[in-house]
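There are two complexes below, and they share chain A, which is joined by chain B in the first and by chain C in the second.
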Partner chain A sequence: MSRRQTRGEYIETESGNRISRKAVILGSQHILLGGRSTILPDCVVRGDLHRPSSASASGSAAASVNIGRYNFLEKGVVIRPPFKIYKGSLVYYPQKIGNYVSIGANSIIEAAAIGSYVCIGSNCVVGKFAILKDCVVVLDGTVIPPTTCIPPFSVVAGNPASVVDELPESSAEVFERRARQIHTLHGGALTSTSIEEVKQSVFDDDVDEEFDVA
Partner chain B sequence: MMATRYPLLRIHCPCAEPITDGQDNEVEAPTTSGSPDTGLDKTANLELPPTIDNPFALHALNSLYFCDVCLVLRCERCVVEEVVQTYCPACLHVYSADTTAAGNEPSRVTRKGRGDDATFCTRNCLQCPLCFTSLTMFATTASEGSEVPATVYLQCSHCSWDSRHTDRSLIFSKHSSLYQQVRKLSAQRAIDDESETHDTPATSFGALSQFYQRLYESVETEEAESDTSAPPSPMFSKRVSRSLETIRFLKSHYSKQGGPLSTPSPAITPSSVLGVLGRAGGVSNQKTREHAEKEKERCVSYIDEEAEIEKVSRMGGMTSLDETPTLSQQRANPFVRPTRSSDMLPLPTRLRTRRAKRCRACRHILVRPDVSSRKVSTSSSASASVAGSTSTVATAFRINLLSKNYIPTLRLTYLPATSPAQSSSPYQAGFIPHITYSFALTLFNPLYEPIKVTLASPPRTPKHGHSITFLTPSFDIGANIEDDWDLQAVTSLRRKFADLKMSGIANISASSESARTGPNLGILDRGRNWTSVIFEIVPANERSSEVEVPLFVSFAYEAEVEKDFGSGGRSGESADDGLFDKEQREVAFWSVLKIGRVIA
Partner chain C sequence: MPHSGKSTDRQILRVACPTNSRDFLATTAKTTIESATYLCPMLDAKLTSFISEHVILDESHASQNIVLRVGDHSMVNPSVRVCTQSAANSSGNSDEPAVLEIGDYTIVSDGCNFELTPNSRVRIGNYTQIDPGVRVEPGVTIGDFCVLGARCVIARGTRIGNNCKITAGAKIGVSVVIPPGSVAVGDAGEIRQAMEDMSDEQRTREMKMHVDFLMRIMPAYNKPRQDRK
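Up next, the complex of A and B:
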């Protein structure tokens, strides 16, 4: 528990993003982070998988991975842009993730677009070109097939994913508040070990935070 | 099932209770003159609502609405829903939208299409019959020179179901309105499979409506006859009168729907049903009995033996259970009744709705989605699968009266005592009987007016008899000024309570002498729009009983309401006050705090 060791564990950018030094960030010139997002260790963000034309035409301007504000990527999350074969060659398409999105441990995200206020559980697979609209909860272990569209205010679960519940209208506010709290608390307690503890502490003392989905 | 996470707050909605005068008061008291009295009465008597233990009467704060006319909380069950928009969940195309303005008039939804067309997506959104994933459309390019034209087939991206590999190799000639093509196919198949007993939605509906029409008429004539003759057995008459009610309702219902008529299946006729009814009721009617016998014979001959044999032989050739559809797959295909998985057709996609919610008592709108905004969907041009949808659904709301913006939110913090047995948090570790546990209950005021809060709870919990003590039943909370109250307060609180945990509650209350004396007794701390009060629990010696505290919260504030300029010259006199009048308001509700379990 030496302090010097723990201080350097995360890189903090000007806009308040915290990126673990143990995270694998490839092609960082193609990754846009909106600010105050957190990337935990062992995450993989594949910014290097971009459209070949964008590199030659407009240089680093075109982002292949666009991540918004107040997002929280837990351990081992893989973010990789979707690809398909277009006119005989393999083409990667840009990927966009909105604001206040939390992604659980070891989930693989190949979606084309994820809206804001989305909560993805752990060990999920979000297939290529899937679209998650705003206010969506993906329960743990869900497999969302490629090119699926999840409508707003849905709770999805299962393999393949199916809509199992509807979210109340307050979800956007709740998710926003949660994301902000996680960010502030994480900032204070950004030590090496127990991320889970930090996450749990957000909810433990808050009786008003209870938010049932299951 | 996940274990309950403590602590937990549930707010009680009285809508499940039998209607009493209290309920009526709530309904009739939008002018708030009556509500403070009821609140005070409840505090004085502190009568627990009878449904406080019912799980369906307890709601999370986030799923509740607040009617600012009735000044009561509204749960999911005491709101009226009305459809504002229907859209396809797969392509997000909006099928119908409410055209009325934001006013309080009932919504008028313009629907395109009738019947099936109003419930299913009529574009190319089809679902896999095996796994219900939305299917992807592929086109085979017409190779020049060959006689094969360009065709379209469907593939499931999850289970790799392929429309070309089904029983009849589904290949579509054009890539638009696949829904119509599949519907035509399924109707055709139904006729092919069972020439006599075809059971498509349209025909069966027509048969039903015609059947009930005739039943209704024949019953009416019978009724007229029986009036003159001797009264039938009481049992029979009761039954007939009840079924008559049903039939009348159905008739009016069907005549409104106006489904397509076709010949009813020959097995059942109105008179045959009446015959059965009559026999059951003990009325011997020679004519109806004869008729029933005849009908029975026809029922037997109605079974197509050859088709059944063919079905059996087909199933005999199956090698695994996977070749038969599962129950859920069969249920999705009710009119085709496939016996083999490869028989199943792609399914249409059901539309989803966005709904406005109104207070059941005063019809005031609580939630209204904003359908007018043509918000550009978050998906970029990369999403080829949804490209081309002209109007997509937005998630914004025009009106959203959420309860957490109108009632104080509660936060519970454990204050550990100095004794080592209580050092760990009792939420997970559990409570030890006969030891006093102290908690800080922090109330945040989301309103822009200062409020006066009164807390009340029974001295002992009704179920298990844990004793509860609130040191400060009544206190004030300042107004909420800034929007980010939440976070600042929470962080400062958290720091404070972290200190508390270090030093123990005894030291703190000793140091802040004001908490012990004077009007601030029991108030741990207060901020701009929050106040923390101490309450104590002594758990009873009842093994593994849940520690839950019924808590009555009532708060009063002076609200500024817009003056009614319509009512004469009152406005001129009080010009200095501006446009607003002061009005005393009081809101009260029951809640249940679930804190943990007793360990023995």
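Up next, the complex of A and C:
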């Protein structure tokens, strides 16, 4: 693996985000990425679908897609804010995804909010305005209907989705560790930094708090 | 920019929003009219429609040209992949292009995959909304005012009537005829009769609203990249 190849594959930001060059990111000024998130090729993140009236006092418009830290978006994930026809006009609502979330390949996320410590499987559909609370596991191929609310510590599967199992309360820690490990392994395989540096950054808790994006 | 001639290499065509791609459309149209055959992946779109830059017209199976025909005020979102299947009867019908026709005021959302073969075209009606991730196989006809939910799979030869709604994740079998006004649900693609929830005018208004909204926003974020090919 030549150095030139690996450098071209991902864009690495200061806060440790890794975004594939082949991912389709639209409207990057409306996308907030927490630190150390990874976006694999062929992903589509639609930051361009935002409220039209958001040219308010906050200068450049508010975030339409807010993705937290240590997230892992696998290949082909589509992240798209949900829209609604409200009082005769069409509005796209902002989307918030929490920390330590991993989203499997080819999933389509149109949810209004996804909590932290969530694992979404591959080929899933999360419908519009769905709300996933913290510590949820969505198995592969699940279709979550629009405006559903998935309670925390549950495992959902099926089309339409239903809760099939419950998770223990330690799941938060497990998913957090998993997300960090994924980030480390992914980084180690791709970039040319030494393994020690990568391991060091994982345990650097102070660094994390700096990047708490509002 | 347009590739002429048949080539076995994968040709990825990146197109820009119509206001900037007038020249491009002009050159391809000219090629077609003069020589009477389709020489290149062709985009036949009205200038009121919008095809995102990241749409991929994939001709990886040799000697099959793709024509993407888009109607008025339609939107093709990023990461839509239109590719050709190697035809089962590969009798070398290289002159016959594989056509994907999209009607007016239709929205094709991100990550959809369309597969085409030369002799069968995929036709999508007007005022239809196709949600992200839908997979459409050759020879499918989709009617007007339809809503195709996310990640559904429409197998070859299916005919979907007007005013149909296909829920997310549904798998519609081969050569199924879905009568107008019905709802197709679930993995087995069972078909139920739907109640009249929205009149045609209302859906027309909604789609127009949606397309207008997207038209206003998307060109700002979908600028054509001249530096990168």
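Throughout what follows, the second predicted complex is superposed on the first by the 181 of 214 C-alpha atoms of A that agree within 3 Å, B and C clash if a C-alpha of one lies under 4 Å from a C-alpha of the other, contacts with A are read in each partner's own complex, and residues count from 1 in each chain.
One rule holds in what follows: contacts are C-beta pairs under 8 Å (C-beta built on N, C-alpha and C of every residue); 3 or more make two chains touch, one makes a residue touch a chain.
Just so we're clear, the structure is a prediction, and the values are computed from it rather than from any experiment.
Undergrad: Have a look at chain B and chain C on chain A after the superposition and call it: clash or fit.
TA: fit
Undergrad: After the superposition on A, what does A:G127 contact: first (chain B), second (chain C), both or neither?
TA: In the superposition, A:G127 touches chain B and chain C alike.
Undergrad: Which partner chains sit in contact with A:F153 here, chain B, chain C, both or neither? Use first/second/both/neither.
TA: first
Undergrad: Looking only at chain A, is it chain B or chain C that touches more of its residues?
TA: Here the partner covering more residues of chain A is B.
Undergrad: Applying the document's definition of touch, where does A:P145 land relative to chain B and chain C: first, second, both, or neither?
TA: Both partners, chain B and chain C.
Undergrad: Is A:D42 touching the first partner chain B, the second partner chain C, both, or neither of them?
TA: The second partner, chain C, only.
Undergrad: With the two complexes overlaid on chain A, what is the closest approach of chain B to chain C, counting only CA atoms, in Å?
TA: 6
Undergrad: Does any part of chain A touch chain B in one structure and chain C in the other, and if so which residues?
TA: 127, 143, 145
Undergrad: Quick check on the complex: what are the chain A residues that touch chain B?
TA: Spelled out, the residues of chain A in touch with chain B are 82, 93-96, 98, 112-116, 127, 129, 131, 133-135, 143, 145-154, 160, 162-163, 168-174, 177, 180-181, 184-185, 203-208, 210-212, 214.
Undergrad: Applying the document's contact rule, which stretches of chain B touch chain A when the two form their complex?
TA: 1-2, 5, 7-9, 60-63, 87, 89-92, 131-134, 136, 156-159, 352, 367, 377-380, 382-386, 393, 395, 397, 400, 402, 404, 409-413, 425, 427, 486-487, 490-491, 494, 497, 593
Undergrad: Quick check: in the complex, which residue numbers of chain C touch chain A?
TA: 54, 78-79, 109-111, 131-133, 149-151, 167-169, 186-187, 206, 209-210, 213-214, 216-218, 220-222
Undergrad: Under the stated contact criterion, what part of chain A meets chain C in this complex?
TA: Contacts found on chain A: 24, 26-27, 42, 44, 46-50, 52, 76, 78, 80, 83, 85, 89-90, 92, 106, 108, 110, 123, 125, 127, 141, 143, 145, 159.
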